[in-house]
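The letters A, B, C and D name the chains in turn, as written, and every chain counts its residues from 1.
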Amino acid sequence: MYEVNETVRIESFSDAVFAIAITLLVIEIKVPGHEQVAKTGLLYSLIDIWPSYLAFVTSFATVLVIWVHHQRIFAILNKYDHKLFYYNGLLLFFVTFIPFPTALLAEYLLYRESKVAAIFYTGIFLAISLSFDLLWRHVSKQLLSKNAIMLKKDEALEITKQYKFGPPLYLLAFGMSFVSEPLSITICLLLALFFALRGWPFKEPL
Amino acid sequence: MYEVNETVRIESFSDAVFAIAITLLVIEIKVPGHEQVAKTGLLYSLIDIWPSYLAFVTSFATVLVIWVHHQRIFAILNKYDHKLFYYNGLLLFFVTFIPFPTALLAEYLLYRESKVAAIFYTGIFLAISLSFDLLWRHVSKQLLSKNAIMLKKDEALEITKQYKFGPPLYLLAFGMSFVSEPLSITICLLLALFFALRGWPFKEPL
Amino acid sequence: MYEVNETVRIESFSDAVFAIAITLLVIEIKVPGHEQVAKTGLLYSLIDIWPSYLAFVTSFATVLVIWVHHQRIFAILNKYDHKLFYYNGLLLFFVTFIPFPTALLAEYLLYRESKVAAIFYTGIFLAISLSFDLLWRHVSKQLLSKNAIMLKKDEALEITKQYKFGPPLYLLAFGMSFVSEPLSITICLLLALFFALRGWPFKEPL
Amino acid sequence: MYEVNETVRIESFSDAVFAIAITLLVIEIKVPGHEQVAKTGLLYSLIDIWPSYLAFVTSFATVLVIWVHHQRIFAILNKYDHKLFYYNGLLLFFVTFIPFPTALLAEYLLYRESKVAAIFYTGIFLAISLSFDLLWRHVSKQLLSKNAIMLKKDEALEITKQYKFGPPLYLLAFGMSFVSEPLSITICLLLALFFALRGWPFKEPL
């Protein structure tokens, strides 16, 4: 067990991973080719790739909200152990993977097999919510010193209460992807908004 | 509301996002293919992609100046709230998006439909100036403690005075893109210079 | 020789390099093309690229574990010298290179010449374990002040003991790649687990 | 003028830019295509792209050495002004650009017009050495407080003495690229070594 001022590097490494994952999303938006543009015009070609924008916005909002909650958790823990590196690593694993299902969804949303892409996409989000849950359980049970538990008890309880909704709601999005792709993506967008709104102990409105 | 020493992570996350967005720009400059080089020679092929260099320089200068102003703002705020994460997130959203319109402009500047590319490009810059405006309004109204307002009043006033020019000037660039693409890009370049020159409270010359 | 509080930048630079190398891995996983999908369906196309996932997981786990050990080493050193920059730079050189052999393995694992790809892949891991060994030897011999040696002697001994296994075990993986590709990749995965398990002075279980 | 503890963000932003530029280099090394491999075998195909490795090593070594000197300079300055952001920005501009001439050199080194690629490549390195020179002149003249000048005079003199060699030596590499490409690349590699060897006030051997 180590004191909390030593968590600088796990935070700066995580910040960089979140920042890169969120920035790489744009690479997957492809500039329309000249052949396509010759046929339909540049304006229409740019409108035509709206699934790319939708996937970009949804993934960006989700990663941003995860990052906000990540720094929230690390702001209240005050010791760390070996396991934290690997629970955190598991979360980062799924976060770094996001650009792939995002590109997949953008590519196949308008095609016959869009369901497979939506299942894959929401499945990764479900995996993220589960690994976030694991991380928070470990932190709340092991890494809040007695002192901190007293001082930050309300905040920890508030977080626990809110995070209970994560996995079931993402399971809902995942389940919905088998039925309706647009609806499952919409749920993911709304969930990002929901966790943005409620993502603070003092329940400030967004 | 939290004390300012806690803004480390929002700053380091933002720094990483700016750094990646500014560095990804180069990926969009494509090495000329062998076919093209066989026809015109490598030297001419490298000159031929000058729109890529122009778009790279303009976007680089703009992101650099935004970053300088971003750290300037965060250097004077001394508390933060939940909303700051999302105002900042909105700014970062448009910043991470920059490589796409940059690549679009580079690809289509010499083609018939360059106007669409220029409108898209200057439109993103307009969106950035608006989201920067939102961020600064929130900071200046909510996140300067009384104490800081006294000490840093001049700087805050100076910033407010300068930032008033942002949205209208970028609106001008956006409007101009409907008339003349080269002129609108030139305005964007000059605006980066303008905000670099005036971007400091003590009005030092660049 | 400098005091340890000055190692902030070598740590933040290294953190960023690790974070980018680990996040770039996903770029090499290519979204299946429409032609392929038309033939076999999207689901099968996504299963078909399992070597990409395997290479991604193996490389991600390895880079994560290297990073954990890197911060472990930098947490116990308490001075630094000029050579540290270049020993560290040599390690980062191989780490930044990882996306290339990862992509190579993903591309050729199912083809006739998979052996060449596996040799290349495990060879880079061997080079990393050797450069890590060099870094640790330098740190343990030169950069632990007398004071620190007393306080952290057990930890340093523990690290030395564990790291002795690195090069020979990665040599084994490298040697095995000449015989069986799947076995050599499996060994790499198990080694990441082994160094995760043992990667802490107090021998906590993972 | 601001106190030095405020340079955290310019350092962390620069660290991230250096880290990304150095890590993006590997993206330009392309996995050999199946057609090529079918003709010559995977092993030969991997040997065949040696210019990619050479360009990668040269650029990596150069960026690493620039970064080491960058942190060296920022470790001795103890105030900063507005201009520092833009001198530093100019240096970062050329650093972020490096992946392009690196890819260009890798692609055309074995072709008839390799001279153009080598001129472009060494030209960027010359530009970097000039912008580094500008940055150091500004720091050494404006940003060392009287106090610091006394304490760090030797180090500043030593740096000035060493940096005098930068622009003329890179001019030599640039000039040589008009005559012999291999020789000019070799000079660049040797210069990285030279600045690594001499890059420290106490003249420790590497």
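Simple rule for what comes next: a contact is a pair of C-beta atoms (placed from the backbone, for glycine too) under 8 Å apart; a residue touches a chain by one contact, two chains touch by 3 or more.
All figures in this text were calculated on a predicted structure; none of them were measured in a lab.
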Between 0 and 180 degrees and rounded to the nearest 5, what angle rotates subunit C's CA atoms onto those of subunit D? 90
Report same or different for the subunit A and subunit B interface, where same means the shared residue numbers exceed half of all residue numbers found there. different
So how far apart, in whole Å, are subunit A and subunit C when each is placed at the average of its C-alpha atoms? 25
CA centroids of subunit A and subunit D: separation to the nearest Å works out as 36
Residue numbers in subunit D touching 2 or more other chains? 12, 16, 19-20, 24, 27
Considering only the defined contacts, which subunit D positions touch subunit C in the complex? 11-12, 15-16, 18-20, 22-27, 29, 31, 34, 37, 41-43, 46, 56, 60, 64, 67-68, 71, 74-75, 196, 199-200, 202, 204, 206
Contact residues on subunit B for subunit A in the complex? 6, 9-10, 12-13, 16-17, 19-21, 24, 27, 81-83, 85-86, 89, 92-93, 96-100, 103-104, 107-108, 111, 113, 116-117, 120
